[in-house]
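Chain IDs A, B, C, D, E and F follow the sequence of writing; residue 1 opens each chain.
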Amino acid sequence: MDFSQFNGAEQAQMTRLIEKKQMQDFMKLYSGMVERCFNACAQDFTSKALSTNEKTCVQNCTDKFLKHSERVGARFAEHNAGMSTLAREQTGC
Amino acid sequence: MDFSQFNGAEQAQMTRLIEKKQMQDFMKLYSGMVERCFNACAQDFTSKALSTNEKTCVQNCTDKFLKHSERVGARFAEHNAGMSTLAREQTGC
Amino acid sequence: MDFSQFNGAEQAQMTRLIEKKQMQDFMKLYSGMVERCFNACAQDFTSKALSTNEKTCVQNCTDKFLKHSERVGARFAEHNAGMSTLAREQTGC
Amino acid sequence: MSYLFGGGAKQDTGAVDPVKMEMAVAELDMITDVFNRLVTSCHQKCIQPNPQSHRYAEGELLKGEAVCIDRCSAKFFEVNKVVGERMQAMGGTAQATGGFGGR
Amino acid sequence: MSYLFGGGAKQDTGAVDPVKMEMAVAELDMITDVFNRLVTSCHQKCIQPNPQSHRYAEGELLKGEAVCIDRCSAKFFEVNKVVGERMQAMGGTAQATGGFGGR
Amino acid sequence: MSYLFGGGAKQDTGAVDPVKMEMAVAELDMITDVFNRLVTSCHQKCIQPNPQSHRYAEGELLKGEAVCIDRCSAKFFEVNKVVGERMQAMGGTAQATGGFGGR
């Protein structure tokens, strides 16, 4: 996203909106991970407590998912940076 | 959620927001149930009318899903009540 | 949706809201199609470039999905028109 | 999705009633939510019965697919009606009438 | 979903703090998001283990289904707690405490 | 997700243009929507090829998983580009250029 055509007031409002969106995204990441790791790891419903195996599975699932998201985020950022450079070269701006 | 630190104006606005969210949640429950029960029950596309079996299936699916949601909601409320009590005991508030 | 009980100011605001929603829906259609066609067509992760087969698959998937949405939209509009007519006949308005 | 919304006309201007607007927005949201679920469900039922093997050999809707979409949509509307009736029967305050915003 | 929200009382009126409201709305959104995921997950685990063959022969919750829902919910709360701890351990700024808005 | 957004600088203040803000918010929403779908799709393709049998024996990304994620992301960007071109070809007004908000 390129905010260079935004004036000061617009940039300030955009910053607030991005912060709000980041908080929402963080919470969605969190609840999405709960659902994902629950579905992958909780298999036995003859007991109401997590077994040791299930708990380890949830911990690994969480760690791995966070590392996955981070790596995908790095590729995404590179791609966007590449697109911006390309656009600048093509338009001469 | 604990609104005890909210002043009157804030509580009033929060009440309006919660009512709005409840309406949205209700509508999402409704459309989610249509999708879920359609996917579970509509299997035969050689006809455009629901068969008697399909219709019964949709009715049972709806009834069961509502009872399921209600039971999950009761467990959820108990859990949240327990967490609040625990937090009060730990913090002494 | 029936806006006949809306006054001018309300209609104007509603029109803006509908335009905003259409833009959001369009973007969701777009990203949903990317996900769908990616999942259906990208199968081989021994290479980072799309194969010719995969690319053709994505093109066909996109074309077909757009035609599918259009046809479903036509049925949906007919259904809603039918419901409105029925309601008018029943209520005499 | 312009085909979803008509629009009557009553040209006296006036103040905007926020509650009325909120209800209208909620209705609008529900209509598009239902529409999106209809698109997804019938795509699964009619276009992608076997996602693993399906390779999208052509971009046209096949005759059988088009017929399936029509029947699938009709069944979806019926399910919508049945679910709405059931929710009302169970004491829900559903205003659902089997239409999606149609009055 | 009225059972999700209690509400204390402190009756001095005053100005609305927009940041406080935004935090409260975000928390509210997260609670309902988690609740909806809980409903979906336990429905999959307890009611629809085999969607293809399941034809919904009755509208009541069977005894085994009810027991499964209770255990499934309890496990889901535990998973919620473990994920929250793990995110904090990995340097996340998660305020998650194992509750959903409970303090 | 701070890595997604850069931010130029042009310090003259002024009035906020609501249409411009709305376009920017819509673009922001689309970027995060695409990003979330990318995360989910590549998680399915690379980390959870068989959810039933997968028990998460370790919390690290395995070498093969990391390589898969890189290739999966690259393919996803290509699919994004092809879908955007196709929508334009079919008369869509898509401003999609193969980037996600990159200009």
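As a working rule, contacts are C-beta pairs under 8 Å (C-beta built on N, C-alpha and C of every residue); 3 or more make two chains touch, one makes a residue touch a chain.
Since the model is a prediction, treat every value here as computed from it, not as a measurement.
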item: Touch-network distance, chain A to chain B, counted in steps; value: 2
item: Given chain C and chain F, the chains that contact each of them; value: none
item: Which of A-E and A-F has more C-beta pairs touching across its chains; value: A-F
item: Length of the line joining the C-alpha centres of chain E and chain F, rounded to whole Å; value: 27
item: Distance between chain centroids, defined by C-alpha means - chain B, chain E (Å); value: 10
item: Chain B and chain C: spacing of chain centres that average the CA atoms, whole Å; value: 26
item: Where chain D touches two or more other chains at once, by residue number; value: 29, 46, 70, 74
item: Overlap residues in chain C, where contacts from two or more other chains coincide; value: 28, 37, 39, 41, 58-59, 62-63
item: Topology of the chain contact graph, where touching chains are joined (line, ring, star, complete, other); value: ring
item: Neighbour-by-neighbour ring order, given that chain A leads and chain F comes next; value: A, F, C, D, B, E
item: Chain B residues touching chain D - in the complex, by the definition given at the top; value: 20, 23-24, 26-28, 30-35, 37-39, 41-42, 45-50, 54-55, 58-59, 62-63, 66
item: In the complex with chain C, residue positions of chain F that touch it; value: 22, 26, 29-30, 33-34, 37, 40-41, 44-46, 68, 70-72, 74-76, 78-80, 82-84, 86-87, 90, 92, 94, 96
item: Chain E to chain B touching residues, read off their complex; value: 1-17, 20-21, 24-25, 27-29, 31-32, 35-36, 38-39, 42-43, 46-48, 51, 54-61, 65-66, 69-70, 73-74, 77, 97-103
item: Touch list for chain B against partner chain E, complex; value: 1-11, 13-15, 17-18, 21-22, 25, 28, 36-37, 39-41, 53, 56-65, 67-69, 71-77, 79-84, 86-87
